[in-house]
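Next up, some structures in structure tokens.
In what follows, chain A forms one complex with chain B and a second complex with chain C.
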Partner chain A sequence: MKKFNKVFSAVLASAMAASLLAGCGGAAAGGSNTFKIGAIGPLTGAAAAYGNAVVNGAQIAVDEINEAGGINGVQIEYKSEDDELNAEKSVNAYNTLKDWGMQILVGSTTSACSIAVSENTKNDNMFQLTPSGSAEDCVKYDNVFRVCFSDPNQGIASAQYISDHNLATKVGIIYDNSDVYSSGIYQKFVEESAGKNFEIVSAEAYTQDNNTDFSVQLQKAKDAGADLVFLPIYYSDAALILTQANTMGYAPTFFGVDGMDGILTVENFDPSLAEGVMLLTPFAADATDDLTVNFVKKYNEKYGETPNQFAADAYDAVYIIKAAIEKSGVTPDKTTEEICEALKGAMTQIEATGLTSQKMTWDASGEPNKEPKAVVIKNGTYVSAE
Partner chain B sequence: MSFLTYLINGLSLGSIYAIIALGYTMVYGIAKMLNFAHGDFIMVGCYIIFSVSAALSGNSVVGIIVAIILCTVLGVTTEFVAYRPLRGAASPLAVLITAIGVSYLLENIALLIYGADIKSFTSVVTWEGVSFAGGELKIQGVTIITILVSVVILIALQLFINKTKQGQAMLAASEDKGAAALMGINVNRTIALTFAIGSALAAVAGALLCSAYPSLSPYTGAMPGIKAFVAAVLGGIGSIPGAMIGGLVLGIVEILSKTYISSQLSDAIVFGILVVVLLVKPTGILGKQIQEKV
Partner chain C sequence: MKNKITKNNLITYGIVLAFYIIVEILMMTGALSSHMKGLLVPMTYYAIIAVALNLCVGILGELSIGHCGFMCIGAFTSAFFSRATENSIPTVPRFIIAFIIGIAFAALFGFLIGIPVLRLKGDYLAIVTLAFGEIIKNVINSFYIGIDGKGLHFSMKDSMSLGMEADGDIIVNGAMGITGTPHNANFTIGVVVLLISLFVVQNLVNSRDGRAIMAIRDNYIAAEATGINITGYKMMAFTISAAIAGAAGVLFSHNITTLTASSQYFGYNASIMILVYVVLGGIGNIRGSVIAACVLYLLPELLRGLNTYRMLIYSIVLIVMMIVNWSPKIIEWRKRTFGRVSFRRAKEVA
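On to the complex of A and B.
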């Protein structure tokens, strides 16, 4: 047995050495006559709806660009891989795409996967643009940018939106202080609210251990005269808040962020309770601008469903990459590192337009700077608030 | 006026804690074990009502009856399968750990069947309630029903235990199982009956809990279960009127401390009060000092 082990480890060691060499070979090769863009997302499992939307949205953008003659006359090759919402598998998917020759990554779709992959793109110095990774750490490296707002920045965007559209004069907040997502948005919202045309009259917290009775939080907002209640929380708690507000006869405007998306899918939930609820989201499929109408039509034809915000983020991501390549003038025969350096520089200079915003700019931190958009729930569906 | 609203909200929450605590304290008082799965019996009851009502297009009365029957069966079965074999175990911890195991088992079965997504529960109480002072003060129907139901249960349990033969057998078994058995009382059957009543109460508590706070998930019963346990200890565990008082005190303290002190600290305050009460009166508000005879 001992002998076998020795043989076995020798074989293993040589195999590993070989794979190391193979790895070197792959990275050094570089150069190609097309831009190779890869995408990663959960295509199966619990978050399959997100991953498929990203992969399909990007595919539509790639097809459009290729049909129109490519980027600076160069065609795009596109390939996607499944990560099953698992950070390790996301890294595996990244390695598979790298072996294929990927030069630019659109992904990963979800925050934890995106963060795991960014450790690798950082080492390889590959340009990474995540369409929907919203955790703060997703863009901690300088080679990673994102299309969506970060979690806490949704607080800033919400405050701006409420102020710009004169939605309220007195605002109440109910947030979950046992959750970093919710309390992060809450803090940024409060900071941004200073000097705006509304006043925060009540800010009440709850925790996941105490999330059944919201009567006090709602009563306090009501007594303080809040005409808008900001809910930077997930829809499961929000469903309960809406029900309790209804039974106590309190009907302010409720304003949520992306965690509110899903409130209409709660089983047995009376959608009339959510009537008039607003939520910050980058994309409304019923918007009437040409770009959205065209995108929704193509998506429907090709995949038989209405695209969501993830599809829109990914569609924009491909066009943002196109804009950055055009700005830098980089060519596909350069190495991955050279392309990354060129795009990093170009990202801070471009001004992109897309489905999720008329105008998007970036600074070196990787955070987008764009106009927030919102939808409102009418007759049980999302309708653009503008 | 808003103070009254808060007080009524507290009463509403407190009476739900009280009904759950009644189930806890029944089982503890007689079987001398903490059934930590009690909160999950509530959750099972809620899911049964939810499924039956959905199948019968909204008929919640049948749902409640089915839930009471099935929860009773569940309680008796759990007692028979998981707790009875351990009753003679050297350490009372064995059965406590088993109860925690049953709790996780039930939660995970619910996760398997219904998934983690929350379901919106249709209130079994259709009555809107009453308003005073031109709508300024509103008492919801479910609040009034909950308080009434908890009082009725309290009286019924007191009568049952003090006036019936079965009830007397329970009292005897709670004082000394061995002596009760010598007097011709079937202790196993008596304890099974206790579990049956406790679990039926869980189904009723579930119906009222989910009517007042209409969101249903596999973890619905967990936190109210723990709070109700605190209520039972606060009132004096084993004492039936104590559970009622403990539940009401806990509900009112929770709501008022959320209102006037801090919405984040309310749990800390509630548990802090428990510590203080237990320091001053270790047996709880109505608990009896049991003399250990040497």
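On to the complex of A and C.
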């Protein structure tokens, strides 16, 4: 009897657990009459700013398209999931969206998560367009495309830009070697700068665990006589570097990449220190073209803040998907695989205009072809460097 | 006595097996959502590392808050091996060797750390393991290892200094970690590894060695006076615990294709999360660790519908569960209310 009780309780407990699991089943099948687009990004935690920007940017685009009558008359359904900047959670988020019936993925926001998810989209053959996953491996499968520049492209473009415009003869670099984005750009920058008309005189690394004091790195660049310091890092660290360089009386040209976008809005940072800083960025919130003005206004009304390049990339991503769907004429009642195949073909034929570039085209590798825009900060705003 | 222990152990295996069979049936009938399917493997490796940590905290009585460091070593060494030999060894033997390598390296590091630290008394192990977890993370972040026609290249500066040939393949790329590890882990393998680690730990606990280990935990001086080799047994338990954590790491790295040594996976927060599984499941209660790890891993995922509120709710649920399980007053109240049940159980124990 005792034995029976124990066995009985064990069976009962497992049955309960099973019903719990089964209760979560019931995946939605295809054959809907709307396009279901999902987005993934870190909505909580340290990187929440990026994920929320992507999710919100995409939301604005979806709302606009739905208001204007949808894609070929078909409305879009949109849903976002949180991945906490964790590749494992990102796959979980992807699976959740798949259960919801997602047909096209805008995501993941960050590189490592995007690579992990691409393994799954590849297996399911789902079309994936990452707005901001910039690492090289993000688009290694043929069903994945991206909107932003890849890290290598940014490194190469920066080196070429510095060389073409004779900005410097001696270059110092400060980068974050615990960050995929930063070390990726750094590597390609160094490779590309071989044989150019400038010389790299110092390359100093820091990590996310010691990103408060940069005096050592700056001193080394100064001692080596660098007249330009390349900062392939995010703006919060860059703001500290600029402040500390000012304190020690070191005033080279600072050159940043798209992660530098946002430096003028850092709290307690004196924007006058950023005067003369150059950066390559696909998006400037104070640009005066109609598209940007309209987007920034809508974003401000809805979310109470100024959008950054992540939001712009995601906004473009939704419109790029729209263009690809229109080009291929695919309908939402098709299976995910059929939609993916159709969009894959259409992506290489379309030419998209958006916030981040006047003209974007893709080849089958998934990399966008677009011109990098260099801006220089003058009087507290971005001015085209050309 | 002996019989009771065996029965108790069998119940643990039974629960795991029953869970496995039910899940497999649900999968075959298509009742399991893809979200759930994706959660199964993580659940098994968190259960495995919880079992490993319980051996260290519950049975050995030493607080380790850097167990994810061992998981990290297991993950990176095995992923490195799998990546390097992906095209030269067939899947099955490669994955088995990857397991052996991951476990061996984690055990080696457990052993090396144990040598100086386990001779100490008190909280020193906690501090050293905490530091170890952080060091491992940072060291791996600065590793660059590549393979080309000429063989292995290694650098701690950057990937350019590897001096690779054109056909070279950079396997460990600093902060970018290892990408493209073959996706070999599945639920069945996870459950098998979980069963093996349960088997190892439960048999260890009920062996002569296990009793010696628990004697050290319960009374250090008395154990020493009895002639038990304190350092030796401590080393044994700690190394086994590290090895099992390494096995969890192997599953981890072969389940997602990007492996980066970042805080989300291997930092002290992750280690403390494992400690939470162990404490909630009951210190020294192996079966409890498995169940707690599964439940607590599932919880935030099942709460996804609540969006960002789920983090808040998760922490509240955690606090409530801790109180319900372990507050003396609540236990007393539970006994009063469900008196009949616990009375019967008390009789069984007697």
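The rule we apply is simple: the second predicted complex is superposed on the first by the 237 of 386 C-alpha atoms of A that agree within 3 Å, B and C clash if a C-alpha of one lies under 4 Å from a C-alpha of the other, contacts with A are read in each partner's own complex, and residues count from 1 in each chain.
Assume contacts are C-beta pairs under 8 Å (C-beta built on N, C-alpha and C of every residue); 3 or more make two chains touch, one makes a residue touch a chain.
Since we're looking at a predicted model, the values are computed, not measured.
Colleague: Between chain B and chain C, whom does A:86 touch in the aligned arrangement: first, second, both, or neither?
Modeller: second
Colleague: Classify the contacts of A:67 with the two partner chains as first (chain B alone), second (chain C alone), both, or neither.
Modeller: Neither partner.
Colleague: If we overlay the two complexes on their shared chain A, which of chain B and chain C does A:177 touch? Say first, second, both or neither.
Modeller: A:177 sits against chain B and chain C alike.
Colleague: With both complexes overlaid on chain A, does A:269 touch chain B (first), chain C (second), both or neither?
Modeller: A:269 contacts chain B only, not chain C.
Colleague: Let me test your reading of the model: by the given contact rule, A:290 touches which partner, first (chain B), second (chain C), both or neither?
Modeller: Neither chain B nor chain C is touched by A:290.
Colleague: Kindly classify A:209 by the partners it touches after superposition: chain B alone (first), chain C alone (second), both, or neither?
Modeller: both
Colleague: Which of the two, chain B or chain C, is in touch with more residues of chain A?
Modeller: Here the partner covering more residues of chain A is C.
Colleague: Where does A:96 make contact in the superposed view: on chain B (first), on chain C (second), on both, or on neither?
Modeller: The second partner, chain C, only.
Colleague: Does chain B (first) or chain C (second) touch A:223, or do both, or does neither?
Modeller: In the superposed model, A:223 contacts chain B only, not chain C.
Colleague: Which holds for A:247: it touches chain B only (first), chain C only (second), both, or neither?
Modeller: A:247 sits against chain B, while chain C stays out of touch.
Colleague: Kindly list the residues of chain A that each of chain B and chain C touches, one partner per complex.
Modeller: Chain A residues touching both partners: 177, 207, 209.
Colleague: Sort out for me which residues of chain B touch chain A in the complex.
Modeller: 2, 5-6, 9, 13, 50, 54, 117-122, 135, 138, 140, 209, 213-215, 217, 223-224, 254-255, 258-259, 263-264, 266-267
Colleague: Give every residue of chain A touching chain C within the complex, in rising order.
Modeller: 2-3, 5-7, 10-11, 13-15, 17-18, 21-22, 24-27, 43-44, 81-82, 84-88, 91-96, 98-99, 112-113, 115-116, 119, 135, 137, 140, 176-180, 182-184, 186-187, 190-191, 203, 207, 209
Colleague: Please name which positions on chain A make contact with chain B in the complex.
Modeller: 177, 204-207, 209-210, 212-213, 215-217, 219-220, 223, 236, 239-240, 243-244, 247-249, 265-270
Colleague: Using the touch rule from the top, collect the residues of chain C that touch chain A in their complex.
Modeller: For this pair, the touching residues of chain C are 7, 11, 14-15, 18-19, 22-23, 26, 30-39, 42, 134, 138, 141-142, 158-160, 174-177, 179-180, 183, 255-258, 260, 262, 264-265, 301-302, 304, 307-308, 311, 344, 348.
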